[in-house]
Structures are given as structure tokens and as C-alpha cells.
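Naming follows writing order (A, B, C and D), and every chain is counted from residue 1.
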């Protein structure tokens, strides 16, 4: 049996020694340990994996961990077993490129999650859900029914026991009502530019400026639109010979790959968040 | 003898045919031709190289070109011979990384320019100029003497027949007084981020946000600070394990290489500017 | 109406002028021209697009082009209209990642081809063809029936008027019998390493050596296995922390994107082949 | 006072716990720990940094470490203090690009080493050593005096207490006689290609094949030429429009940056070698 332990706490002497000793006392063997100290913030981070020859109760392990270790170091922590497959809901709108990428990885067993449903404010991609035989819910969002739509979303998420949400080009602002229920558990993707362009048509602005590099950023959703902690980024080169349509096509390729990588990191429990930034253990 | 012709003009029928026919009439042979049409702006761009078996007078060639061709198509154009080595002034402040990179390329014959002088508002890098036996001028710039300093700069530039200026981490704002004399002939380098961070300490802001990619941008200097037409960009990856000092060191490496590439493109006459963007013929 | 003209011929004076003049005489307007001279080989390459206000007969245009222009310059050439959608057959084996990538691009209208069928030596991916409602042919290839299998392949290709073939991880050697019918029209993808590793298990060899970069190469298939003209390449970084399984997963992501880019370049008529290398007009 | 401990040993239970406990007993505080297990080889690697409030004797610390810890786990280990600046000899031939890059980083304090001397089989770069006021030794290597030349090299290295050697485009094969004295302490740089080309003129071979990506690899020198453990690699894109000279110029830029990064990793004690591969702690 394998456990993954994620910890962050005020930086202090003896944390690694204490945690490895604790695992030893529980008859576990440390098979992976990565740690990081943000000296500026004074915060210690650790990701540790341990193996146990016998079956152990996750609940009682957690309880012992809390009383014997976590409290003393003021840890924020999580412990996961590797045999649980997280439940991932996908929210989409009309673009299918990120959706297809996620589903083909799911389909080939590369992305180890359950997908209880795909949800959209439009019916355009219902056929894709059908291709992969995944339930599809059409929840239209308009000016007048935003609150009801979110209640419907939350009901569906609860009913299906969803662990985290991927906005695969959802094109709608997710309100704090939903974010508060899924803190650091909603993953978004958006284009990025070097330098950045603010406003409604960033690809057009980047094209006007003649940028040579365009990018995409995947991040956890916070109340501050598109400014949440960054999980993954990538870029590609462009030139004057590319039209705005070429920019957008190259952007789609980046969005696909960057979103999938971010989702994989989240599923593998390799991301930790604090102060609006991430520690990504590779 | 080899000529490089750069043209941009309103897009219209017959330009390529007319120019290649003109070169043929002058007994030249086209050895390279690259063109681009910005459909949105309706502008045609061309870079053409031609070889001549005989020596020809650049002045009379230019005169004929203007009357027989350029006027009819409302061309903005330049014609260069390959045997002229442009004169490049370098402005620096206290950082030596970009300066060393330029000088070592100059020294090995890779960067085909003359360097009449290095100019700085500080004396810190005088020794580097000494190592490479290049004249060094110390022109301090303060609140009270900005106008005089610029007059001094302009006098030196004129006196040495400088063709273009490289700001190799000059750290001072160049005023329109100098820019107007060297339009699209002053090359600057600055860091860039994905997404961008505005303000005094961008590296710190990027670090705070936990970005995964940092970059550098080289551009022609315009009156609008750091917003001139982009010549070259590049990026590198960072992670939570890098400190602000690591960010800055990686940024220096990018600045070095991106500035040198931009200078090489400028020297090779591969850059054209319009509407605050560039066409870079590769 | 829009025509794309691809030419290569011995380098000589007057080609560009003659071709642009010819297009003008046919009442066409050159909207794009890119050319390249391989000085070492003495070969001239050109890709030219021209627009015509009136409908013109492709057949008669080609005939005139041949007699008035191509013969004189000893050109190898092709002329395409933009309204023809090429027919692309996909050969697969058991891996689905490249297949899904191509089909999702096809499905979203990004990849402008017809797909008459998917062919495989195994039945494993028949369900994917079903998801996208594309005919699937199972043509097993064994030691004893290789010749018959190839006859069956050629019959299917001919019957469906296939223009080019994509080997989306086909895992079988395509024999000269098929290659000769589709010269420079079969696109393959394979992993590449820096430095390269020869032999049966390159990922294992690369892992053993501790390489920091792995790549993928897409090329036209020639009789010399995996050594045909390169269309597109890309790389990604790895480290000691990645297992062989991680190497392979990262390799899959590269294969996906590199193969799709190569196919797009081929479909856009941006590739020219000579002497076992390519000119890729961007 | 700060110590960096590097360990590798057979993978077994309790290593992290034992080492962190040992550091604690010595009144040190672990400030950084990174570990890696190569499951295939069954080897455990660790890099650990610890801080001590008091001055401690490195010699006695090492002795205690050996008897109380290293022997039990069959560790191969090294312990370094941060206040020692390693002595780096540079071997060059006629190319100056890597040399200038190293010296400018040394000069700006970015590369924290002492450089007792630069050695070359030619006199071409003596002037560069002069520019930076570093002793230069001319040790010609010919068919007839190879053994004497190496004796002279070894004498110089010993006399100046050199810790490691950088071959900054040295262009000569270093024989086992020297390698054996500096195992995993000689850093080389060479170009790499995707796919690789063997033989005398790899740039020409890569050009002939029309590759789209070229690279550079820095590695520790072993008896097997250019096949030692890889420290760092990087690549850049090329196209048909680049000549062999362009390939070589782009290759020089890669060599510069890749060699400097490899040297920095070595100096920071972030590299460990086993089974002809490296673990690079970032």
C-alpha cells in the first residue's frame, strides 16, 4: 500500500527528521521525498511517498499523524492513497480542442480519473460526450439565471461526488459561490503573451505589436479573474508571416497540451498552493 | 558586387515583377527574394538581394531606382552594399553581461561592425572597453544635466558617424531628442514575463506570482518606453525552486543572447518596421 | 480563384521574373512568393500563390505553364487549386494517441482533408474509427502474407483515390511496392534522441545514458527506414527524475504534435523534397 | 557555516531518517534536501545542505560521518563547505566563443571559481588570457610528443592544485592518463543532432539531411569519446534557409550557454554520476 503525504507549515528545525521517523514508526518505508523552503515567506513544503507492506487504515493513520505530528508543527496537510481515482468534471463551451485532448488521454488510460459528466452552457459539444459515452448536462447561463445555473452546477457536482473541475475553454466566469466549494480545485487555461496584453482581444493586440512568442497558462481559479496560482505554462514562436488565425491555431495547440499537463500534475498530487503561487514537485 | 534592397509600399499588383525586371535591366541577378503582405494593413514588404558581375555606382543605381520604380509604387526603400561595415555605438551602465557578449562576438569576427566607442553614465565598465581597446566615454546623466548629456551624446554620435546604437542594459531613458535622430536605429533589451508584470520590480512580481517561464525582448526604441517594435524574443523555464537571484541570473542569460540576435538581424538588414511592428526576414 | 505553384529547377538567372511575368500574362495577381536557393546543390525552389478574378481551367493553365515556362527552365513543378480537399488514409496499429489527435483536428475543421478510411493490421482501434464514423479496414500483416496484404492496401488506396498516407504509429515497415506508388506522399513519425540511439529499444538506451532532451521527427517515408526527408521535429526536456514510462509518455505528446504539424504542412503544399531533404516554406 | 553533503548508496530503508538525525545530533539544521531513487539500478541519491550556528571542523565532521553513518549504508559520499572556491583550469584550442563566455561570467562574479591558468595546444588565444590577466600555458600536442605533453599538463594541474578541468572546445582527445587523475572532473562540450550523425563532419551531415533542430551536449569526459555522462543539453531550430555556416554559428551559441550551465552545476555540487549517467539536482 502506498501513501502520498503533502505538507506545508512554518519553516522550522526538525521537520524532515520527525516525519521520516513517524513513517518509520508506522512501519512504512519512505520511497520519495521532495521538499522546498520559501525563505522569503518562511514556509516549508514537503511531498513524501511511503510504502507499507501491510494494509493500513487511512483514517487511523490520518488521526495519528494529526495528533502526533501535524499539530506540533502547525502543518496544513493531506494524505492520499494511490488506489483512489479522483472524479473530474469538465466544463466546456463551444471549442472542442481541449475537450478532445482530455478525453483521448482518458480513453487510453493515460489520465487516471473518473469523469462523471461534461457540463456546458451550450449544446454544441454534446456529440463529443456521446462519442466517448460520458453523460452531458446542458446548463445554460444567461444574465437572468446565473444564480439558478450555479445552483444546478453545485447540485450536479455534489450529487456525483466531483473532486475537481477542469474548465476546458468554458468561456464563463465562475463565481465565488462555486470557487468557495472547490478552492484550488478548479483548473483553467488561458492564452498568455510576451509581453502581456490586457483586454478583450489579446490575440489581435499581440498581432498588432508583432510579438515573436505566444503562450498559454494553466492556473487554479480564484476570485481574481485569470490571476490564480500558475500550474503550468508553455510558449511557441510566431513571426510576421503568421496571421491572427495562425496565432489562434497555435494558441489552441498550446492550450491543449498545457491544460492536460496541469491536470496530470493535479491528479498526481504534485501541486501545492500558498500565497497565490504554487510549488510543483516534479 | 552585391546589393540588398528593402522595400515596403501599399500592396498592389505587379511589384515583384517590376522589381525583378528592373534588376534584370541593370544586368543584375536576383539571388534572394523574400516578401510579405500584411493583408490587414494592406502593406507589401520585400527583401531582395542581387549580384552584379561589374562594379556599379550605388548612387546612380539608387537614383534610377527612385525615378523608374520607387515613385510609381510609393515605396519606402533602402539599398545597401555588402562591403560597408556599419558603425555601432554601445551604451552601457553597470551590468557587463550584454557588453561582454557583444564584444566577444565582435572580437571573433562574428559580428561584422565597427565600434567607434562605448558610452556610459558610470565608469564601472571602462575597464571592459580597455580589455578590448575600444574608446570609452563617460557621460554622467543626472536630473540637472540631462539636456547637456544628450547634447554630448549626439555630438559624439555625429562626430564618429555612428549608424546605430545598442543599449546594452543602459538603464536610462533615451529621450525623443536622440530617438528622432536615430529612428528605428536604437536597439534595447529588457526582461519580459508570462504574464507580464508592470512596475518597478518585475522579477519580484513574477517570483511572487510563481511564474514558470521568464523571457527577454529586444526592440527598437520609440518614445513609448519599452513598447517599440519587437525584433527578437526568447524564454526559459523556472520553477518554485529558483530564487529571485536565480530568476535574475537566468534573465541575464536571455538578455545576452536575445540582444545579440537582434543586433545581428539589424546588421544583416533583415528587419523592417511599420506601424510599431517588425517584419523580420530570416 | 487561387492557385499554388511549386517549382524546383537548376538555379539560373531570370526564374522569378519569368514566372511572375507569366502569371501576369494569365491575368493573375501574385499574392505570395517564397523562394530558396540551395547553393551547394545549385537548385532553385519557389512557392508562389496567385489569385485570379475569373474562373480558369486548371488543365489548360498547366498545359500553358509547361510549354511556355517549365520546359525552358527544366522545372519540376506542381500546381494546386485551393478548393480541392486531399484524400488522406491513416494507417495505425495499436497506439491511439496520434490517431485521436488527427481525428479531433479533422473533426473541428482544423485539418482540411477527407479521410476515406483508417487501416490497421490489428482490430484494437476499430472503435476509434467508429467514434468518428470513418470506415475501418483490418488488413493483418504477417510473415506469410506480406505481399497479399500490400496488394490489399494498394487496392484500397486506389479504389478510394487516396492522395497521401499518414502512418500514425503504424509499427510496420512499408515496402517499396507501396512507397513507389506514393513517393513523398507517406508521412511517418518516430522518436528521436539527442544524441541518437540505434537499435530496438531507444527509450531504454536514452534512459540508460541519462539524456536531458528527447524528441520526435516526422518525415517522408523512403526505402531507407527512418532516414527519409525530415518535415518537422520537436523536443522536450527530461531529467533523472523521469522513469522510462515518463520518457515514453512525453514522447507520445511529442509524436502527436509533430505528426499533426507535418500533416498540416503537407496539406498546405508547403513542403518540397529533393536529395533526401526538404524545403519547408512557412 | 554551511555544508553540502552528496551521497549515493544501495537503496535501503532508513537513509533519510538516519542522515537527518545525524545532522541534528551534530547540532546542524537541514535547509535543503533532495533525493532520488533509481529503481532500476537500486541506487539511492541524496543532496543535503545543513547550517551550523557554530564553526565546525570539516575534517572531524567527515570522520564522524564516515564511521557513524557512511560505512553502515555503504555510501559513496562527499562533503563540501561553501567557503571554498574550486580551482578550474580551462583547456582551449583556437575557438574563443566558449572561453569568452566563461571568462566574462568569472569576471562579473557570476562564476565562483579560481582560474589558475588557461592551457592550449596553440598560441591563438593567448591574447584572451591576457585581456583577463590569467596565466596562459602553451603546451603543443603532436603525434610524437603526446606523452610528454600530458606529463606537462599533469604537472601544471598538480602544481596549481586544480580541482576540475573545462575543455572549452579543446579539440584534442584527452587520454586515460589525465582522465584517471580527474575522474568525473573534466567537462566537455560538443554539438549534437536530432537524429545524430556520426563521423568527421556532423554539421555537414545534418545539413545534408535537412534537420530542423540542432543541439549541444555537455558531459563528463570518460575514456569512451563523447559518450560520458550528460550534464546539460539544449537545442535550437534551423531550417532550409540556413547555410552550414549558419548551423555552425547557431551551434556556437548553444555550446557557449550549455557549457557555462554545466560548469555552474558542477561548481554548485549539483551533479552526481553513476553508471555513466548523471543525477542533476536543480
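Of note:
By definition in this document, a contact is a pair of C-beta atoms (placed from the backbone, for glycine too) under 8 Å apart; a residue touches a chain by one contact, two chains touch by 3 or more.
Source: prediction; values computed, not measured.
Seen from the Cα centre of subunit D, the chain whose own Cα centre is farthest off is C. Contact count check for B-D and A-B (C-beta pairs in contact): higher for A-B. Centre-to-centre, using mean CA coordinates, subunit B is 36 Å away from subunit D. With each centre defined as the average position of its C-alpha atoms, the distance from subunit A to subunit B rounds to 41 Å. Within subunit A, residues 239, 241, 282 each touch two or more of the remaining chains.
Residues 13-14, 16-17, 20-21, 24, 29-35, 37, 237 of subunit A are the ones that touch subunit D when the two sit in their complex.
Residues 36, 38-40, 192-196, 208-213, 215, 217, 227, 229-230, 232-235, 239-241, 243-244, 275-280, 282 of subunit D are the ones touching subunit C in the complex. Interface of subunit B with subunit D (complex): residues 96-97, 100-101, 104-105, 107-108, 110, 131-132, 239, 241, 249, 252-253, 257, 282.
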